[in-house]
Amino acid sequence: MSYARQMLDSYQSTLGVDAALLAAAIDAISDCVQACIADTDADLSEQDVTEMVRCIRLCLDCADICAATGGVISRTAGYDAQVARPLLLACVAICKSCGDECERHAHMYEHCRVCAEACRRCEQACRELADAMK
Amino acid sequence: MSYARQMLDSYQSTLGVDAALLAAAIDAISDCVQACIADTDADLSEQDVTEMVRCIRLCLDCADICAATGGVISRTAGYDAQVARPLLLACVAICKSCGDECERHAHMYEHCRVCAEACRRCEQACRELADAMK
Amino acid sequence: MSYARQMLDSYQSTLGVDAALLAAAIDAISDCVQACIADTDADLSEQDVTEMVRCIRLCLDCADICAATGGVISRTAGYDAQVARPLLLACVAICKSCGDECERHAHMYEHCRVCAEACRRCEQACRELADAMK
Amino acid sequence: MSYARQMLDSYQSTLGVDAALLAAAIDAISDCVQACIADTDADLSEQDVTEMVRCIRLCLDCADICAATGGVISRTAGYDAQVARPLLLACVAICKSCGDECERHAHMYEHCRVCAEACRRCEQACRELADAMK
């Protein structure tokens, strides 16, 4: 069981959404931050860096937005849909773009294939959470 | 002239929005991050911490969302309105909530008055940038 | 296998340290960030918030330092011991302090027990990595 | 007067260091985060990205470490020299490396000249603060 899930189970909070769904989103976000930071570095190590510029920029945006989203949805007691929903939508949008771009390089670079997978899972988990918050 | 403005003036980018508007948003966001981090600590130093819990949570969300938004809008070359707009809207919404809550304490605590001011300026600057991106 | 490990295995880098050790540190750091953010929120939800102020401050420092350390050690290609070692030492020190404080509350609050465990694992993993970098 | 200084002046804290010195460090750190994020994007926009790879990596490390250091030293109430000093030393070291690398490109790229200046000021301010904490 992830730390996110253990933490959610450990205290009373006015959660309003299913704990399993929320923990899955926090975990997927955390993985996506890891993958995007590492993929940026891997892209910078390739010979044709120029080809990877768009991928690097998207990974940087994705890591920043995911980290902020993870923080906000982890503070379960103060959910405000007016904040959390557009943030989750931004997260879904950047994970989609970043995942698409990484997938374009997936046949050449294993690191982009792995990062694309992390982005897809994160996109899906954030979309489900955003839907549940409606 | 702020570093943000100097940096924007120093290289060719497919900006798409007015550099003065963008630099103002980056500066206001940077100030708001500073103010919210410091206000969290100041709130924790007050005797009636229990009264400040909501203010602390909002400041934590506000600092996280502002930091991510500042990063994304600073990477001017890759603007994607589908990402930047909901992110700016989340930023406007949290700055509004955090500014309102800080203002409630402004008569008692100078640190909340200062933080409310930083949130208001950031809300305004991000709203103007979001409008300009339409 | 964690994303950190998959990413490390996916590209050639001038790593200089054992990949298993590095991946373990990145994973432990990632977990510790999650746990500290959640523990801050859980602490703020307790009735005796005043008692938890020191715990909250340490969790905030711990989350910030761990996040930065995770980023730096994930960019494996450019290791500079003059940067990475003091950073890892700061990470070890804050994980020790935060873990100690969380443990003081562990008998009362399950969330502090879980967070203490995440801090201990992170402290250990960062110490081992710092030692390997000597 | 910067928000950092206004915040420091607004509440009683067991500061232990001169407020002007601390505010100067927080401001310089905040500027350096801005400059390094923008310089990363500017570097990625240059034709010879390959030449800029080391500069990009150093800017990414510098932004991460500065952001964490800014957070920790802004939470003035809980200073722990065992944490703050190695963190400030890591910050000084990365600002030195990043400033040196940016300076190498300063004659060609105005954005690197500006970023080098921000790094130098941050290095100096953090060194002075670290010395004052001894």
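Per-chain numbering from 1; labels A, B, C and D assigned in written order.
To be clear about the criterion, a residue touches a chain if its C-beta (ideal position, glycine included) is under 8 Å from a C-beta of that chain, and two chains touch if they have at least 3 such contacts.
Keep in mind that what you see is a predicted model, and the values were worked out from it rather than measured.
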item: C-D compared against A-C, more contacting pairs; value: A-C
item: Centre-to-centre distance between subunit C and subunit A (centres being mean Cα positions), rounded to whole Å; value: 19
item: Intercentroid distance (Cα basis), subunit C paired with subunit B, Å; value: 27
item: Residues of subunit B touching at least two other chains; value: 40-41, 44, 57, 60, 67, 71, 75, 77
item: Chain contact topology (line, ring, star, complete or other); value: complete
item: Of all residues in subunit B, those that touch subunit A in their complex; value: 54, 57-58, 60-61, 64-65, 67-69, 71-72, 75, 77-78, 80, 82-84, 86-87, 89-90, 93-94, 97
item: Contacting residues of subunit A [partner subunit D, same complex]; value: 40-41, 44, 49-50, 53, 56-57, 60
item: Residue numbers on subunit C that touch subunit A, as the complex places them; value: 2-4, 6-13, 26, 30-31, 33-35, 37-42, 44-46, 67, 70-71, 74-77, 109-111, 113-115, 118
